[in-house]
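Each of the next two complexes has chain A plus one more chain, namely chain B in the first and chain C in the second.
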Partner chain A sequence: MHNASKHLLFILAPLVAVFALLPGVYQNHLLLFNFVIFLILAQGVNIIYGFTGYLPFGYVGFFGAGAYGFAIMVMHLQTPAPLAVLVGGAVAIALGLLLTPLLRLSGAYFAIANLAASLAVLHFVANPALEGITKGPYGVSLTGTFNPTHAYYAAVVVMALTVGAVVYLKNSSFGLALQAVREDAVSASMAGVNIIKMRVIAWLASALVAGLAGGIYAWYVSVFYPDNVFSGEFSIFAIVFALFGGVATITGPIVGVLILYGIYNLIGFTTPQYFQLIYGLLIMGLVLFLPAGLVSLATRRGWHVP
Partner chain B sequence: MTYALVAGVLFGLYFSLVGIGLNLVFGVMRIVNLAHGDILMLGAFIALGVVGIANIDPLFAIPLAFMVFVLAGVLLYWVLVPRLQGSANPEMLSIILFFGLSQVIEAVTTIFAGTSERSIQSRLLGTVFTTIKVKWFGGKTSGAGPIQIFGQGFPAPWVIAAITSLIAIGLVYLYLYHTRLGTLTRAVMSRRDEALATGIDVDRVSAAAFGIGLGIAAVAGVFAPFMFGSVTPAFGADATVTSFAIVVLGSLGNPLGTALGGVVYGLCYMLVQTYLSSWADLLPYVLLIVILLLRPSGLLGRRVRVA
Partner chain C sequence: MSPEKPPILKVSKLVKRFGGFHALDGLSFHVVPGEILGLVGPNGSGKTTAINVISGLYAPDGGEVVFDNVSSGGVASHKLVHRGINRTFQVPKPFLSLTVRENIQVALAYGGATGTPPSIAELLDEYRLKEVADRPAADLNSAQQKMLDLTRALATRPRLLLLDELAAGLNPAELDWIAGRIKALAATGMAIIVVEHLMGFIEQITDRVIVLNAGKEIFEGTLATAVREPQVIEVFLGGEHAH
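For the complex of A and B:
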């Protein structure tokens, strides 16, 4: 069997099946929804960081832009929710296009500029002067479209698409070219890879999935404030989950989300500061002892990890 | 207008002090210290502790904070950095590593101090000067009222913070350009491998720079309760982003550029706050992005952009 179809069959299909069936047997739907959202975001980070090496420290900017794209469509134009989610994705792509000049920066400069960009978008949206459009810092309430069940399944669909995109990257010459650019941009361009086009496509793809996730999140929660949807925790969690599992693989971010977000929900809600402590120590230990993620435990032994 | 300009310069000098430690660390080690703001926060808590326990002028917290964090910095360096430098992509991983550290610091502080806002009465700062004045020159204790500059009154803590910042920046200059260790530090900054090849003990130089960087951050933190009104354990993250804006404005990797960056930032901040207050929050971020795109090397920098 072809590699890509193997990955689709043995990774993507079970994942989608589990998350499509779980709401029937498990009552805490919000928790399941959050798992799906973080799976999308972690894979989105995987697309841009794992395959191109750009660390999107302000990844939440796209997520928040998607949420506000959704909210503005619903508030001002009364669009149906699924269409508004697509608009949220489009808004994120527009923001991604606006930020493409940042790709000229390298390393830490890119990460810092991206962080600044996401905070700039936050303060722009939360500005009281724009209250007529975004409701400023007072938050939006979209009770008209409230439908958690549909939103949940929409999230599962987007997750399937995102994981599908990563499967494609992992098995296509396009993904190979991206990784070549990541390792050595000059050599890759000598070998005929169009560096700029490659990077921009990966960048916009990861912006799109975050925007769609943001739109669906807005649909699901229906009442939120700028600080909720632009919370730096989304970027940080997504990055740490992806790294913990191992980037540039299909399974790494999935494993990362399931383990770390699982731990978070076991101890995070009752005693947030102890969780923060354990989390911080875990991150430091990860960087110092397992910089290539959990999957490197297997790859070091010579096992192949998809 | 005069008020905004003078206040901008005063705040700007203080902001330079906030940023300079971060820049020293990045310049020497190519490490992004995301825990910088948290060190600032800890410095503020040392000031709170000094005032709370001994009830003396918080200025006495400065040498204490500096010594404690130079030692802490050197220890931390040996624990974290050599391992990090050995990995595939130290610059990126350092961001995540120090994010983890900042989480640990924030969590530990929250566990011990709670999440409430802390502040210090501003008249406590500088009481040591008024006492000396009264002892040596007679006169009576007037308390630290506003200080007059160009006919406008400014809170005394702002002026004291600005003066301390000037002194600290001067000392960093002396260290870098007039001591042996400083010369070695600059050598490591410009070419790490060549410095290693010429026999410089890069690790020792880096550890010193890391300690000094953290020490200065803690000193800046001592003034944080006065400059920002109050501090909470969660104050660190915002302070880190602001420091980045300042450092990049000046130029990443050139500690003296930070002084210029800080003043420019302070002036912009005060002017925007005076004339367009609702947009003031946006300023540091937009400024940061514009500077990164137009002059990624900062106002006083060499070229650093790759591909």
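For the complex of A and C:
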């Protein structure tokens, strides 16, 4: 059996099955939905950071653009929700295209510029002058399309596609070439790789993923403000979860979300007074002792981690 | 080498400036298929800059580079790789977290090699990387990383190969072995430009050398003749040795 088939069968299929079946046995559907959204976003960060080395501190910009793309289509054109989700993805791609000049930067400069870009989009959307289109700072209410069940399963589908895309990257020459660009762009070009094209494709793919997630999030919650869907927490959590598990792998971001977001909720429910303290210590421990993520515990021993 | 062959690479009056510094100052030379040409000269004479311009890493500020009858100055590196130019680096630049095999796979998949692609197993075997094929490139020693640079370049089936100090750091037995490999590559019709400080190695493999100083050619011919040229002796050893 090819590696890709194994990864689809033993990683993707069980993950999808678990999240497709859990709503039948576990009543906190919002929590399950948030898990799925973070699984999508962490893998989106994996695509752009794990495979090309760009750390997207403003990743939420695409998520918010997707949410507003969805909302505008529903509010003004009464578009059916699934189609509006696709438009949300397209809006994120358009924003990604607009921001492609940022890819000329690297390291902290890219991260800061990306963060600034996401704030610019937030303030553009929240501008009272655009109330007629975006409802400005007053938020949107999309009660007509409210259907959390459908939105949840749409999220599971997008999660499956996103993890499927990472399985492809992990098992294809394309993914190998992306990693080559991340390791050494000059050498990659001497291997015949068009580095600009590769970076743009990865950037737009990760934008699409976040845009679709944002559209589905808007569908699920139906009522939101610009600050909700452009909250920096989405970027930070997605990055921390992906790093905690280990990027440039299929399983790392999944493990990161399941463990860290699990602990996050557990602490939040049981000992909310120590919540920030314990969570902060956990992240500090990760950075100090496991900079390459949990999967490095296995790779250090020579084990292969998909 | 047959002298009547048309050149595969022609460099004419090439200029490359970094600020006010002229790294290349009107350099002209050519190389024909199957020839091994040495580029020698003191540090800072422009050897590596010439390689960087020919391989597309730097755009020239003047002059012309023509590869296979098509102007190639300022063309993106990956396009030049597809046309048939490749190189190694003075300090090897493998993809460190990828395995040796994956390093070569990238070049096989994207190098645009025409005809039958080279066999990865043969490349690994011929360049003594078989034992480390599935290890990350970061685990390799410097000599192995140089061989990996070379095999990655060869995976794209270049017609012009630029070797930037490939021999530095190799022991005598490895030098003899790699000299044999380079000659065998040239025998297939590949044009090879070698930048090197090891004169014994240059003498062993090259048909002809160009001696550079301050971005200009000061001599062209065999190394045996070059070492008797006062101007060459002067730039390498100083004026008092030239006469």
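FYI, the second predicted complex is superposed on the first by the 301 of 306 C-alpha atoms of A that agree within 3 Å, B and C clash if a C-alpha of one lies under 4 Å from a C-alpha of the other, contacts with A are read in each partner's own complex, and residues count from 1 in each chain.
Quick note on the criterion: contacts are C-beta pairs under 8 Å (C-beta built on N, C-alpha and C of every residue); 3 or more make two chains touch, one makes a residue touch a chain.
This structure is a prediction, so every number in the text was calculated from the model and none was measured.
Student: Mind working out whether A:Val18 is in touch with chain B, chain C, both or neither, as first, second, both or neither?
Tutor: Neither partner.
Student: Report for A:Val240: first if it touches chain B alone, second if chain C alone, otherwise both or neither.
Tutor: first
Student: Which partner chains sit in contact with A:Ala177 here, chain B, chain C, both or neither? Use first/second/both/neither.
Tutor: In the superposed model, A:Ala177 contacts chain C only, not chain B.
Student: According to the stated criteria, A:Leu9 is in contact with first (chain B), second (chain C), both, or neither; which is it?
Tutor: In the superposition, A:Leu9 contacts neither chain B nor chain C.
Student: A:Ile133 contacts which: chain B (first), chain C (second), both, neither?
Tutor: Neither: A:Ile133 stays clear of chain B and chain C.
Student: Quick one: classify A:Gln273 as touching chain B (first), chain C (second), both or neither.
Tutor: A:Gln273 contacts chain B only, not chain C.
Student: According to the stated criteria, A:Ser187 is in contact with first (chain B), second (chain C), both, or neither; which is it?
Tutor: After superposing on A, A:Ser187 lies in contact with chain C but is clear of chain B.
Student: Who wins on chain A residues touched, chain B or chain C?
Tutor: Higher number of touched chain A residues: B.
Student: Go through the superposed model and pick first if A:Gly107 touches only chain B, second if only chain C, both, or neither.
Tutor: first
Student: Considering only the touch criterion stated at the top, classify A:Ala116 as touching first (chain B), second (chain C), both, or neither.
Tutor: first
Student: Would you mind listing the overlap between the chain B footprint and the chain C footprint on chain A?
Tutor: The overlap between the chain B and chain C interfaces on chain A comprises residues 186, 195.
Student: If you look only at chain B, which of its residues touch chain A in the complex?
Tutor: Spelled out, the residues of chain B in touch with chain A are 26, 30, 32, 80, 83-84, 87-89, 91-97, 99-108, 110-111, 237, 241, 244-245, 248, 252, 278-279, 281-282, 284-286, 288-289, 292-293, 296, 304-307.
Student: Quick one: which bits of chain A touch chain B in the complex? Just the residue numbers, please.
Tutor: Residue positions touching the partner: 53, 55, 57, 101-102, 104-109, 111-113, 115-117, 119-120, 123-124, 127-129, 185-186, 195, 232, 236, 239-240, 243, 273-277, 279-284, 286-288, 291-292.
Student: Which stretch or stretches of chain A touch chain C in the complex?
Tutor: 173, 176-177, 179-180, 183-184, 186-195, 248
Student: What does chain C use to touch chain A in their complex?
Tutor: 55-57, 76-78, 81-82, 86-87, 89, 93-98, 102-103, 105-107, 109-112, 149, 152-153, 155-156
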